[in-house]
Structure formats: structure tokens, C-alpha cells
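Once you scroll down, you'll see the structures, which are given as C-alpha cells.
Look at the two complexes coming up: subunit A is in both, with subunit B in one and subunit C in the other.
And now, the complex of A and B:
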């Protein structure tokens, strides 16, 4: 657990799934999600500790989301981006989670 | 022996006797007559080869004893010949060379020799051969397949073999790698769906879902915008049919947007109204099967639609439209009818003012029987806020002047597409009457003049517009295409006045084909000190005076611009595009410039 006082400004943040799996992710990569961004920038505990708990998101789904964060971060400046593979059985749950985290198409924003 | 030909001499010098070949061929023909497994004699090597085939056939298919004995004797002889040949191969230089490269193993040596032997003895294309499968004679081609245990197969047997083997079929050649990506990007740019960087997770999920939609049983409790996106994606791939429609119709839903009804039947529409009694908004594109019977069912139900969007429903009759509007018109706030040939007409529009007391939004696009009389009736709908018309019949400008006088004050959207007769009187009416307009579209007029546009925007008491489309308002003269003495169309003054009035708030501007706007006007409008923070999409295609400098100035003056279209602007040559912007239609091989490197 991040007890570091500087955790609020650390390069990494910790995302915790409903079954208590912890994922340490590059902070910049998570900022694509408006939901996580507002959590991290808030003066609440998440903003201070850099630790976001998602009791609604299962570890399996969270893993995929973290993978997406890195995929997005890696490709953020490219024009031609290969699609990330989405497992069919997780598709609907991932869709709900994506909606929850605001990982929406930029067309609407 | 008679006189010999040169060929016979030549063959004889190579130890080949023409006579022997002829005799062998006769013997073979005889053998083929009585025995389907008769061995061909094409050359000495082929003899041995087909002998092995004969032996293999022998073991595979039992035959009468006499024939078998004869065959066994022949096979014995052939096998000896084969052995001799193999020994010869083993002694050859080529074999030694090949062997040296590999490890020295006696078993291996035999295999190698046999492999070389078979390699050499395979019949060449064009020769006759006995099929290793059915024994029939056939002509060897380059496509003849090898039998699993040696020999060649005729084409029917080869096909059989191909069927049983599960060799993965070669996929149709697809362009892959960077080229495919580039093509997709260009396609997306023209669709207006291009964004640099990775796709959103939601888009990825929806694409996966659309690919596997047959596995989905239920979409669960997804929010409405997400469901709408799924519906769009499915329709785009033309996957919306009777079974996938079920995913969208739940008893509780209030809106159903179907973007492609081409595969749906009248029963499907009835099912929609059956299962969703709370339906408020319905949109049906390509709704060919939205027929009278569907209307009848809708009329019989206690469904109060607020939003009704029907595209391509040609089979709803005039009487049914009238009945629908009279009975169900009361709660209706939005009515959009696209592409109906005959039955949605002036009569239907005449019902609206009385039957639809809360109608705010009306769109009538591409309906052949709507004329000026219908437009006059629209003027009586006092609640109207948004009006969109794209009619086939010519309508006199005075009709629009009358309409604007009656309901222009509250109109927020006015879209009059493809109206060649529109003239300055309509613009003056807009100037005098409209006070709440946000979106204005007047296209294809070849009567409106520059002065008309200038008068419209100068000292207009309307707020800034968000959306302006004056596409193809220009002079059309095939004899003197370059001259425009009367200042027809949107020219320099009109454009300057437009940007002065609406520029700060404008989000979308289309002046496609307004080719008399001068370079000086563009330079003035997009001068260094002017900023248009709202502008996101600008279309200046076929404005001939646009230069590299003007395009650069546009990028400077519009910090939030996403897309700039410059098709047919031949003076645009080599522009630096700032990062994250899209420039479409550059007249060079590239065509599209996106996401430039310049910050």
C-alpha cells in the first residue's frame, strides 16, 4: 500500500479491483479516463494516495482496462493504430466498465 | 532396316530405340485394354515409377489370381530396375555432394537416394500417367497432386483428396501492414470519423460485440447512448435483422433507433410496438416494410410517440399518414419524413397545424409531392422551432417570405437545401424576422447576390449562428463562367459580413463552391489578430482563390479547428499542417494531410 507522502504526485497510481487485485499503472496513461482523472485530481483520499478502489470492477475486467491504458498511452501519437484484442466473453462487462470510466469515443466530447 | 531419319539416328546415339518405344507403347495399349493397372512406358525412368504405382495398387485392391501373378512378375522385374537406378543415383556425383552436406547415416542414405529417384522419375506435365487412386489414365499437369503414398492423382481424385485434407484454405489476399492502415485512415477521414491515436475502449468493445452479435442474448443494463452506438455499428455492418432486433426491444425502452431496417419485415415493426408500450421516440431508416398494416397496429395501440422519424417508407398510403397525424399527432414534438415518393404530400402537411399542437421540429426531405402549398401550411405551425426542407418541387421565394413572416421569430433552425430559386427577398425576410436562429442552411441558390448576404448579416438582431451552410450559392453561366458582374452568390463582402457577425461563436461553416470570394477577403477574415475559437469544421472547397498562405492563416486563426476541406483549391500546394489538424483534399497525390508535425 502506498503510504508515501509524495504518492499524490507519483508517476504511478494504483487501481484496485473488486476482488482486491492491485494494478500499478503509469499515471499519465490513466488520465484518458475522465473518471479516474477527476478522482486523482480531487482533494479526496484518491488524490492524496494515488490509490483508486473500484468495487464495481472485477479483476479480470480491470486487467483488460489496464492493458488498454498502456495500449492507448503507447499509441497516443500514432495515426495508424492496430486494434487491441478484446476477449469476446468479457466484451459486455468491459463495455459497462468503459462507460463507467468514461472511456468513450472522442466524437461526443 | 530401311533408311533412318536424323532423329532416329540421334536417339540411337543416346541408346534410345524408336522401335523399342513403339513396341512398348503397343504393349502398354494392349495391357491398358485388359488391365486398368497396365504400366505406361514413357521412358525408362517412368517405367520404374509406374511400376511402383502398380505394386501399390496391387496391394490396395485384390484382383483375379491370374492377372495378379502376371502383375507380380512384372512388378518384380520393375523393382529390380528401380533398385538398379537407385544404385546408380547413389553412385552419382550429385548424390555424393548432397550426402556430404548431411550426416552420414546409412538409413538416411537410402531415403535420400529414393527421394532423388522419385524427384527425377515424376512425369512431366503433358505426359500420360495412371492415377494412383483410381487407376485411370490421365494427362499430367502442373496441378496434378501427389498421392499420399507416391504416384500422381487424376483431377477428380485430387479434388477428393483436397476435400479430405484439412489444409487451411488460402485466405483472399488482403492488403496488410502500413498500406491497409493508411487506406483505412483515409477512408475514415472522408467519413469524418478519424481521430489520431488509439480507438476508445468503448469503440473497441462495440466493434467486438458487433462481430459476435450472434453470441449475445441480452445487452443488459447498458445506458442508452451505448445501446444507440451498438445499433449504429450493427446497422453499418448490415447485421440488423429479425433476431438482432430483439436485443434492442425491451418492454421498458422509450426510444428505439433502427438505422437500417432493410432486413426487417412488417411483423418486426409490429413486434416493436407490441413489446415496448412506453415507446416515445422511434427512428427507422430504410423502413421499406413500414406499411399501412404497421400504421394500423400503431394506431390501435396506446402508444404516444413524441419523436417520429421515418426514412424510405414508401408503402404508407396518403390516407394512413393523415389518419396517423390526426390520431397520434397531439404528443408529437418532432416529425421527420425522408424519401417518400408520393404519399406524404401537401395534404399531410395541411393536417399538421391543427393535429400537432406541440410540434417543434419538422423535416421534410426528398418528398416528391410536397409543393409550395404544403410550405404555406407549415407557416401555420406556431410552435415550430426547427425546420428543414429539401423538396423536389420548385417553391416560389414568396412562400418562404410568408413563412418567415409568420413563424420566423422563434425559428432556431432553418434549412432550405437545394433551392435554386431562393432570392434576396428571403434573406431580407430572415434579416427582418428571425431573432433566435442558430443554424442556417441555404444551398444551391443561383439568384441570391452578395449584397443580399451582406444585408442579411449587417446589423442583424440575431445572436451569432453556430452553423452556417451556404454551399454552392454562386453564379452559374456556361458562356462566361469567370465573370460575375451582378455579384451573384456568396462573394467577398457577404463572407466578410458573415464572419463579422457570427465568427466568434461559429462552429461549422460550409462555403463549398462559393468561388467568388476573393483572396483579399479570406486574408482579411483570417488576419493575424482575428481568432475564431469555436470553429471546428470549415469547408472551403472550390473556393479558387485560396492559397497556401490563406490555409496557414486559417490554422492560425482557428485554434480549435479539426478539419479543413480544400478540394479543388488548386493554389494550395505545400502547406504545413499543425499537429492534430486534418486537411482534406490537397490537389496532390497525397490528397489528405493529417496530423502535421508542426506544433
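And now, the complex of A and C:
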């Protein structure tokens, strides 16, 4: 993809929530989501800028997702891992977002 | 859904809801994006928006609709934008060249046209593949939630397959401007062009490998159906079989050309080059999947097809390679055959027969040399190159010495041959175990076919040990001994060898011809190779020698203590030999073999006294032993005085001369007779024999050494001639003169020589006798353990037991069994044929 700029290759990517919160995340950590991975690898806007806007994911949910990315990244080589704290009131929203980002398939397999 | 709405604390923007609530707007968004993708305008699109659009559609259960819409959109696009440029490339010309192979086009033209066509296909494919990937990525949620659940091919598989269905399996003739004379599907043309290009490269042209690689990897990415079953790649199903078939034809032709026009060396290098080329090609031009299969094709078509013909080629074939040590050729040949046939059958057979031939040639050469030697004049200077070299300096070659030299030449030749094949084996055959054993077997075969091998090997060792300390360094001797051991391994009749070695060793030890440490070294090597039983006699001989040395010294001390009783001081060095360990010839039993009638010669009184004195001394510690004096094996140093010859005033004869003569024991006895003789008197042969009782042959020999050889002619023979006859008369040679003080009378026994035919038959007869006893012992041993055994089983077991010593003949075993039956060691079991029982 010739259009890839520095931003497209940077170690970090920016995830933007519906209420315009920006999360700067380690690129590698986000790649667990096939949807984000395809986004970042595509020649489209996200691939060029390293910035993914999610107009349907709220900041609160996004925060938890980003936390999960880091949690996964930190523990990816370990066999014994601590549980992650999930607030009950966010559960459903998180499920929907996880489905959207394709995180279920990874968890199932 | 209702409960979710209630629990949801975060509200979605209302505008988004309205925008994505229906299929149409979403599809519209996606459709225009797809056009952008196809027209390379994807840069401005938002992946997230497109992804979300397809996600929405699927969530609203419209997945099926989306799936078919995408498919039909792509089909339409494909038909309108992808196929036409490809169709333009399909021309009558292309078809004629690639499929019908019409004549009249140059190679260059063909390549140009082929590559142009392939480039078109490649570009279309790369484009299509890229776009389909991108669209499939956007439609990821569709695949995940709809196609996977309904078990349909993924959106990617369904769209990428268009290339197969609408281009490869299409004639494309409808859209072509000109009317095609023949109709072929594009796939056939594609295959033909690719194969044609590859054949061009095989013939030395440069082609665009990357282009071909792209095309073949396209075929690897496409499957027979949209299900994309692993082993149904178009590459494997369609291209590869054709490729292999074409290669087969190509290499068959090439092999036929080579066998007609070239030699085996060229062929070998060609095979190797082709194998490397083809395996490279699998990496650079086509798929690695084919690597093994194409190697097989070359192996069968190029290597094996005419293998026999190439190996049999005059000059350059296997025979030539071996004879001329063509290391490289043989290495390649080995590698090639190893690929195809791990048992090495074709190589093995030729190798073995070649070794056999070369081995028999050595024997033939030897025979020729043997015949030519006496013609050269027995005893005269042997200027017959190889034979003469070894012995020439010492003395004019006698027939016997020349035969000895022949034996050494044989061993040398065999060792050279062995070195040659060892060299080939380690340098060319990667130390292959199968080949090693077949080489070993062939050597063993031809060595054992030659019936004098045992004797010759022993003679070879004898010669090297005798001269070892003088002309060779220790390391050299070591190497030679190692080789001798190798030869020993090949011998099957080891008992024969043992007999000869014993004889030769005895001579070396008694005459002090060799270095005792080297001798022991040699024997210990034999022990580790052949086992204790084989060397026990040799070790016994060493022990006798050592004991004898001590004994002689003790005796000398003993005499000194007694004081000078004996005025005529005679110094005694004695070898006490244990009968069993030493060969019968040395033990004085050879003259009359039957019933050991040991001829005791009459010793002169001075010697007799000495003998008695020693015997007494000997029996002090060891009572009940019997000593037999073996006159034929000993030597004596005699001081003799030749008085001044009257009438001679000048020259050596004018003075009194004192010499120290080294003669055999018999020689001493003879010479002592002349002490008592008045000047001018003589003794006849018969008289000497009557007085001394020395066996006639020995007497003849000793007299010859004292009266014929000019160097030590202390006796005069009447009449003077070259040989001693019973009627001759002998007298003291008063005229004798010599430049040196110490004179050694030439001893006949000291030279180890090849046996004459009579001696040889004798040795064999004795050996057979020994074998009979050994077989008897083996049979009894076996039967004692088994009590009852069938004939065949018994025979096999005897052969296994004796394999280490020799290969017994079946008839001999049978005879021994019969003999044992007669002697009632065994009996036949009643009622059963050929079963024996042991009688305790």
C-alpha cells in the first residue's frame, strides 16, 4: 500500500469513540481484533492514518475494550492469567462491541 | 431486545439509527465503494463505515440478499471490465503456436507472444485478487455471521472463482474480434505456453521466471470448486500432471540423444545438472509442491532408463571410471543411484565383477612373471624389474628367492588394489555400508580363489618383519602390518595361514632375523582380530624364546660357578622349544615324516659333554623332561686357524689366518671331523655320513654351503662341481683366505621361500590331516551337548563353529562322521535316516 504514511506504520494507533474520546493503543495489541486488523491493513483511510473512528462505540465501552487489548497483549504468552474486571452494567454493551470487532471468534477458538 | 433497551445506559445517536436502518442505503454505500475499489479510488473510503454497513445488513437478516448482490455485481464487473482485455490476447496466432505448434515461427517470436499473453493474465489476476481481498475484508461480518452458518463458500471464494469459471474454463472466442479457427479453453493455452517457455529455458534460453511463478501461484490459489478443498488446487489437478508429462517426454528425448551422442561422464554431469536445475525451478518458477515429483521423473527418464547402457560404455563407462579413478564421475554416479536405488544393485554388480577381474588379473600376471623368471636364468642376475628390485642387492636371485619376490608382489598388488577401492569407497561412495560389504566380499572371493594366498600373506609379513628394522621406519612397518591384517581378514583358510606363519615365525625367531617387539606387536594384532585360540601357538613360541634366554644365562652362570672345568671353552646358547608350539619341520621331524623316527646325529665328544652338562643342569629344576637336540635348527660360531701356507711369501696366504666361522650345527659337526684329519687326507660323503649320522639331505646341503660358495669355501670338494653328490670327497682347504674376520656360511634354511609343488602338496596333506582332527573335535563337542542331531543340522553347526578357522568341505565332514560312527563315538538312531546319537 503505497499510501501508507508514517502514521500508518507507527507503533501506536488511535481509536476514537462516539463521544470523541481518543485512545492511543499499541498497534500490536489491537491486532487481536480481526476487524481492526483489516482496517489498519486496508488502503483506506484507517490504513493510511492509523486512526479508527467508531461512531457507534461509547467512550466508556471503548475504555474497557482498550483495557482488554492491553490485558491480552500483556498476558498473550502466559498460561496462568488473572481475571479481568468487568463491571456488570457494561456487560451487554461490551458483548455487542466485541461481536462487532470480531473478538468472539478469537475467544471461541 | 426490549430488556436490552431498558438496561442500556448509553444512548446511540439517533441520526445513525435512521441512516443504517434499511438495506437500500447500506447497499448503496457498499456498491459505490466497490466501484471505487475496482477503479483504485479506495483511499478516501472509511473502512469502518463500510464494515458497519455490511454489519448492519447482516444484523437485519439481509445477509443472503447482500451475498447475492455482491456476487452479481462482481460477475457483471468481471464480464465488462476484466474479460475483454484477456480475450484480445487470445488470437489465432497464439493458439496456432502454443497448441497446434504450427511451424514457421521463430523461437523468439514464440517466447514474445507467450510472455505477452501470460503477462496479461497475470495483471488481470493480480488486480482481481487484490480487489476481491479488499471486498472480502469489508464483508468480513457477512462471512462470519451468514456464509459460515449457511455453509456457503465465503464471499472471497465465490468471487475469486470467477477467474476460473470465466477466464480459464472459457474459450473467450465470442468476444474476440477475429473468428478463431480452433476453440480451446484458455487454461489449455495457458498450460501450453508455460510448458513451452519452461522447455525453452531447459534448452538454455532466458525466460521471465517471475512471470511464470506468478502464474503458477495463481493456479495454486485457485481450486476446482468454490469449496476450496485442499487437494483440489488447479495447480495440482490440472497443471502439474501436464507439467510432469511434458517433462517426461522432454527428458526421454534428451536421454536418447545422450546415449547416442555422448559418453557416460557427460551424461552423469548432465543428470546432476538437470536435477539441480529442476529443483531450483520448483523454487523460482513453479511450485515447491512439484519438487519431489519432478525429481522422480528425471530419475526414471534420465538416470535409470539407459543406466545399463551408460555403465557399459566402452572407455567412459563404469569400468573406465574405476580403472582410471575418475573420482568425480563415480561420486556423481553414486549420488544418482543412491537416490533411486538404496540397495545399489546396478553399481554393486559391476563393482564386484570388476574387482574379481582385477584380482584374477593379478594372479595371471603373477603366473606370467613366474614363468619368465626361470627363463631369465635361475641364479643369474634377475633384471626382471619388479621381481629383482627387492632382493637384487643381497645376492643373485635364486629361483626360490624370485618366487618369494613374486609372493610379495602379489600381496603388494592386492594391497594396491585394496587401497584403490578403499579410496573410491571413501571419496566417491560416501562410505556406503552396502558397497563396503560387497567390495569386501569380492576381495575375499578372489583372494580365496587363489590357492596360495595364505602362504603369500605369511611370506609378505615374513619379508617385512625381516627387513623391517633395517630399511623402514617403525611407522612404515606399522602401516604394512596393518595392511597384512586386512588381508588376513579376507582369508577363509586361516588354519593354512596359521601353519605357514608358524613356520616362518619359527625361522625368524631361531635365526634372530627380526625385531622381537615388532613380532609381538604383529601377533597381538592377530589376536585382537582372530581370537586367542589362533595365536596361542605363536605366543607359546615367544615364551619359549624368553625362557630359553634366561636358561642360557643361568647355565652360563652355573658353569662359571663351577670354575673352568672345561678347558676348551664352548659357549652354549640354547633354545628349548615346546614341541606343540613349533612347526614340525623345525623340530626335525620333516626328514622322515612317518612315526617320528628322530634321527639323532652323533655329536663330537666335546659337544656331547656340553649337552650332558646342560641336560643335568636343566633337570635340576624340571625333572622328567626329555630334551631332543635338533641339529638342523641351530648355529655355531667356530674359531678356526688356517696355518701359513708354505711357499707363499706375500699375500694373505703367507701368514697364519684366524677366522670366526658361523655355520649351522651340522656344519660344525662336519668341520670338527676335519680337525682330526691329517693334512692332505680327505673324507668321502659316505664316510662323513656314517660318522655323523646326519640325514643325507641335510648333509648334502651343509656340505654344499661349506664347499661350493666361494665366500666360505673352507672345504675342497673332489671333483669340483656345482652340486654335492654322494660319491664326492672332501678335504680341508688350506688355501682359504677371506677379507673379513667373521664369515657366515650361507645357510639354506634361513630363507623363507615359496614352497615347491611337492612341498605344497605335503603342506596341504598335513593341513587336511589337522582339519580332520579339528572337525572330529567339533563334531564330538556338538554331539556331546545335543545328544541327538540330524545330519544336516550337524553339518551346518560344524561349519558355523569352524568358520573362524577355515571352510570345511561337506564331503570331509561326512567322512569324519562316518569315521566317528566306526569308532563308536556316535551311532545311528534306529528307524530314522541320518540322525545320530552321541555315545558317552
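Basically, the second predicted complex is superposed on the first by the 99 of 109 C-alpha atoms of A that agree within 3 Å, B and C clash if a C-alpha of one lies under 4 Å from a C-alpha of the other, contacts with A are read in each partner's own complex, and residues count from 1 in each chain.
Following the convention adopted for this analysis, a residue touches a chain if its C-beta (ideal position, glycine included) is under 8 Å from a C-beta of that chain, and two chains touch if they have at least 3 such contacts.
What you see is a predicted model, and the numbers here were worked out from it, not measured in a lab.
Contact with subunit B, but none with subunit C, is seen for A:83 once the two complexes are overlaid on the shared chain.
In the superposition on chain A, contact is made by A:71 with subunit B only, not with subunit C.
In the superposition on chain A, A:39 contacts subunit C only, with no contact to subunit B. In the superposed model, A:47 lies in contact with subunit C only, and not with subunit B.
When the two complexes are overlaid on their common chain A, residue A:98 makes contact with subunit B while staying clear of subunit C.
In the superposition on chain A, contact of A:58 is made with subunit C only, not with subunit B. Residue contacts after overlaying the shared chain place A:18 against subunit C, while subunit B stays out of touching range.
Counting contacts as defined above, subunit A residues 92, 105 meet subunit B in one complex and subunit C in the other.
Residues of subunit B touching subunit A in their complex: 178, 181-182, 184-185, 193, 195-209, 212, 215-216, 219-223, 225-226, 229, 594-595.
Subunit A makes touch with subunit B in their complex at residues 65, 68, 71-72, 75-84, 86, 88, 91-92, 94-96, 98-99, 101, 103-108.
Chain contact summary for the complex, subunit A toward subunit C: residues 3, 18, 34-35, 38-39, 41-48, 52-56, 58, 60-61, 89, 92-93, 100, 102, 105.
The residues of subunit C lying in touch with subunit A in their complex are 4, 7-10, 12-13, 16, 42-48, 50-52, 55, 134, 137-138, 140-141, 144.
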